[in-house]
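The structures considered in this document are given below.
Shared chain: chain A. Partners: chain B in the first complex, chain C in the second.
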Partner chain A sequence: MEYLFNQIINGLCQGSIYALMAVGYSVVVGVVGMVTFTHGEVIMIGAFAAFYIFQAFGNNLLLGLIASFSASWLIGMFVYKVCYERFFNAPRHISLICTIGVSMLIKNLAQIIFGPNQKPMLNVIENKFFALGTIQISLVQVIIIITVVVLAILLSLFINKTRWGISLRAVSQDKSASYLMGINVKRTAMIGNCVGCGFGGVAGMLLAIYYQTLSATMGSSLGMKAFSSSVLGGLTDIRCSALGGLCIGIIENLGITITSASFRDVFAFGFLILILIIKPEGFASKKGVRP
Partner chain B sequence: MKNIIQKCKEIYIKNKIIIVVLAAIITLVLPVLVPKSYFMGIMCRILMYATLAGSLNVINGYSGQMCIGQAGFFCIGAYCEAILATRFGINFWIIIPLAGLVTAIVGLGISLPTLKMKGIYLSIVTLGFSEIVRLTALNWESVTGGPMGIKGIPTPNLFGFEISNSKTYYFIFLAIAILFIFVTKRVVKSRIGRAWLAIREDQLAAKSLGVEVPKYKAFNFMYGAFWAGVVGAVYAPYVRFIDSTFFTLDEGFNILSMVIIGGQGTLVGPVCGSVIVNLLTEVLRPIGEWRMVAYAILIIVMMWWRPQGLVGASDSILAGDKGNGKKLEKSKQKGGGAHGVSVRS
Partner chain C sequence: MKKLVALGLTLVMGVASLTGCGSSSSSVAEKGGTIKLGVLAPLTGTNAEYGKGFEIGTKMAVDRINAAGGVNGYKLELEVKDSKGDQKESSDLARKFADDEEIMAVIGDFASGSCMANAPIFDEAGLVQLSPTASNPDYAAMSKYCFSIMGRQDGEAPFFSKYILKKYLNAQSVGVIYINSDWGKSCYDNFKKSADEVGLNIVETVNYVQDEKDFSSLITKLKAANPDTICIMDQGAVPQIINQVRGSGWDVNITTLGPGTSEQLIDLCGENAEGIYLSTPFFFDPADQDSMAWKDEFVQKSGFEPTVHPACAYDCVNLIAKAIEACGDGDVTRQSIRDNLANVEMEGVTGPIKFNPDGDITRKYLICSVENGEYVIKEGFDYSEK
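Moving on, here comes the complex of A and B:
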């Protein structure tokens, strides 16, 4: 029983990281209107940026956060220029295949530049445990959950209160109408894409801190998990996809308590297929959110 | 570029019989002319990937669904052969259709939850499925041998001939490739194939004209999966040892890049792509790990300049929205900054 509770706590922590990835993913899908395969690679780049910053400037979490955010922002700009800008009017599959190409490009370049092996992440947060009765929570988990919550609140403020956020929402609802209203659609779509990618990068840094490892090939399964979480939340609904991320994290951790840890990804994708069979529109009950 | 392809087509249509006979003679005489096993190995790879890319092309090119995890089906076929041959000693020639059937049934299971949704869901589900298959093969030790793989897969036997090296195996791959192209050509020209093309061009219009979209989509997926399974079953005794590292996502992307570079929606396209990519692999061997980078750049360049691929179906939706593109250019010329961003629902 104790073990189960600890696993749920682990699941919550991991789920909050997945929620951050999923939020980024749904911002990208919502604003750009096209689905991306590069999210996993963006996450990986964020993790590596934070890793090198920690190596160079010591264990400053805020600095690493900014570095991973901005590195992923730059990658997001690259992805936007290559995959989306030319293809707003073209059939969807063209930009889709383009994102697959870019994802291959980034992954293999990263393997060449960063080396193909796993790297140990530095001990950024000291290893302390708090005991709540029989349940143990580590300091890392607490800091991760706090970071995710703060970032989520910041994103929600950005989207609901600022001018940029309003134009982002307008673009995600109707591109031609917002174009007629005098919004620079292409630039807004790029900003939306970059914000989503930046959140993915921060999630990558948190994951690397949590698992204590990072590698150039970590992206592909993470990208799919981000997709699963945001499908669970209705793909473009930001709040629901955060909830979906939490769900996926908890289910994974409960699943590996039953079997072995090597089946972790199997549970995430099996759950995705199950969701698509039972309730394909996710938690968001809005009609017409299908991409 | 367009003119060259057009001319090639005209020449082919004029001298159809001569070209087919010539090609048949060349392919049959090739092992006698160049008996080096290195060269024959490359030929085997080209033929194998041509069939594999062709099976993916049936899904991606003919019905416009996006499958990315073809390596998963390939894996299932190969493991099917390996397990049935080593554990139960079933004849190779019986296993081939059996492996294909098993893979087709798995394909049906994959496509069912996504039939009513648009393509993107299918592509991610296939991607996840490919990983699930690989992880299962890696971890289910009692059946698949886990990380040790399956060793000593028996070589096939045809009327007393032992088919064991690449020179003789070439003929099996050739037979499978020819069978695949022949059957697919017949299927594509039939009612089923026309339904697939209609779904690719406009799903809604096809539905309104009485095409049962989910049924044909599922059948299309099963058909593609079937051939991937067959190729997997033929591949396993060729290498005689399989483990899960053969079937990573990179393998799936490799197959996908062949389809995209060669051309989607035609039968020649994947063959062409397979020849290009495999020859490139041999040429680019010195640059080693930069190879995948080169493929990635090739894919992006292909999408920018010729989305339907080198010899793909240029009169289809795969070639992009030509009318819209022209309008966009015109509006750019007129208004300078008028982008004309509109969303296709």
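Moving on, here comes the complex of A and C:
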């Protein structure tokens, strides 16, 4: 039984990182209104920014968080300028293909600049353990879960309570109407995109801390997980995306418990397909959801 | 009418490509010219350290040979391609090499899986694929054009279970974690077979696929079986697994089969690597001047410490050079290189090399441990003689 609980905690921890990536993803998709394929690379850039900050200034988690957020923000601006800004009124597949191109560009540039080798990210957080009865949970896991929850709440407040958030939501619902309401659509879309990317970047840092390594090619499989988590959550709903990420994390780990890690993606994507068959709109309620 | 024309064109293209393939195996290297060798290496991805090692190891050998006036009047030239550790990518590149008449032999790829995927392509093209590192026992026998100098898994895995785990460490219960690939599967099968023979108790076995990042649930699973020693079978992901084992607060004996004396392992694991045990067919002996000089040159060119893998890549170029030399006054063709290579005997950086009839070699293994951030050879046993 304790074994099962430990696996659920593993799943919860991994799921919360997925959740953070998915939250970022759904902000991007919701606000800009386009599917992006650069999210994996944004995540990777966030991890590298934190890596270099830790090397230069010691293992300061807050500093790393700010660095990864802002580095990914900058990449978000670049992606926006290249892939979205000029193509607002063009068919959607144009910016879609464009994000694929930018993703390859960033990945290969990163391999040239950072080198193809894996890099270590050791002992950023002290290796301590807490025992809850027979269940063991490490300090890293606690910090990751807390960070994700805090960030998700902050984002939720930002989107729902602030003026910025209201214009973001307006843009995500109807671009021309918000334009008529006097909202600067382009700037709002850019900020939305950057906020989403920033969250991806922080997720990248947390992943690198959790796995203690990072590499230039780490993004591709992660981008896919972020995408499916947010599809599970209905693609544009932030809270449901977070729930989707958590579910995928836990399902994966429980699946591994029964079989082997070779089937990790079988469980993740099998679960996704199952949910989409039963409830095609994902976890989100149908009302108010726009593709 | 259009359909007919299309059909005609397709036929012409088909015939053209067929003849293209047919003629490629009969090309002859121009006397006194350059001979091109293809190199397949995972320059990017999880195994990038080893791929980079291939690139530099082979280049060192070619530079030395050319500086000494070439071989048999020919200069050597390398064409290095990045297979990304991906079998599909590797096969595409293999096909390119096979179709390129200038390529006389191919060195690579790194992983057994890629080499095995390429075997039928090279077999058809009559082109040598000399892998420095493939160790799946089935690989070399797949084609008479396939060779490997790493030694076979059915040599190393039994050595690991019988001698390192059973005799040297006296492990009572073992948990195994291996990569689910051609290499990993054969590694585990051979390990299991000999473990059963000597009565080594394997309490839990878990596996994962290439590019896995999160091992925490596998580690929890192993932990639940409570082994006193675990054995990790992989190359690229070994440091991550070690870190995650230690990160989960588990103080278990760690052994690893596969990475050799990888410097990246120590870099990526830091203190976590202390006290792990591994097997290697070869070690840079501080007492051996030639081997140390080779190591220094490698470090200077690459910026990192070599494992056995680049040393094997270096030996591979020299083996091909020997094969070209053995052609004597005759024509150097893909076929003549293959025929001579099968009979070459050489004392390489990694030790004596002589091919078995299948095209692979039998190696002796050493026990190695990490102490104070360095690899140390464990003395006081003579298992490898047996």
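General observations
Please note the rule applied: the second predicted complex is superposed on the first by the 283 of 291 C-alpha atoms of A that agree within 3 Å, B and C clash if a C-alpha of one lies under 4 Å from a C-alpha of the other, contacts with A are read in each partner's own complex, and residues count from 1 in each chain.
Methods note: contacts are C-beta pairs under 8 Å (C-beta built on N, C-alpha and C of every residue); 3 or more make two chains touch, one makes a residue touch a chain.
Source: prediction; values computed, not measured.
The superposition on chain A brings chain B into a clash with chain C.
Within the superposed three-chain model, A:D174 lies in touch with chain B and out of touch with chain C [touch as defined at top]. Shared-chain residue A:P120: touches chain C; no touch with chain B. Once the two complexes are laid over each other on the shared chain, residue contacts for A:S262 go to chain B and to chain C alike. Chain A has more of its residues touched by B than by the other of chain B and chain C.
Of the two partner chains, chain C is the only one that A:N10 touches; chain B does not reach it. Look at A:Q111: by the touch rule set out above, it reaches both chain B and chain C. Applying the stated contact rule after C-alpha superposition, one finds that A:S221 touches each of chain B and chain C. Once the two complexes are overlaid on the shared chain, A:F130 sits clear of chain B and of chain C alike. In the superposition on chain A, A:F158 contacts neither chain B nor chain C.
Only one of the stretches 77-85, 239-247 or 275-283 belonging to chain B has C-alpha atoms clashing with chain C in the superposition, and it is 239-247.
Overlap of the chain B and chain C interfaces on chain A: residues 111, 221, 260, 262.
Chain contact summary for the complex, chain A toward chain B: residues 33, 35, 82, 86, 88-98, 100-102, 104-105, 107-109, 111-112, 174-176, 179, 185-186, 220-221, 224, 227-228, 231, 260, 262-263, 265-266, 268-270, 272-273, 276-277, 280, 290-291. Put simply, chain B touches chain A in their complex at residues 64, 66, 68, 110, 112-114, 116-121, 123-125, 127-129, 131-132, 135-136, 138-139, 249, 253, 256-257, 260, 289-290, 292-293, 295-297, 299-300, 303-304, 307, 317-318, 320-321, 324-325, 328, 339-344.
Listed in rising order, the residues of chain C touching chain A in the complex are 43-46, 48-49, 51-52, 180, 206-209, 211-218, 220-221, 224, 236, 239-240, 243-244, 246-249, 264, 267-270, 272. Interface of chain A with chain C (complex): residues 3, 6-7, 10-11, 13-14, 111, 116-120, 122-123, 127, 129, 136, 138, 140, 207, 210-213, 215-218, 221, 252-253, 256-257, 260-262, 264.
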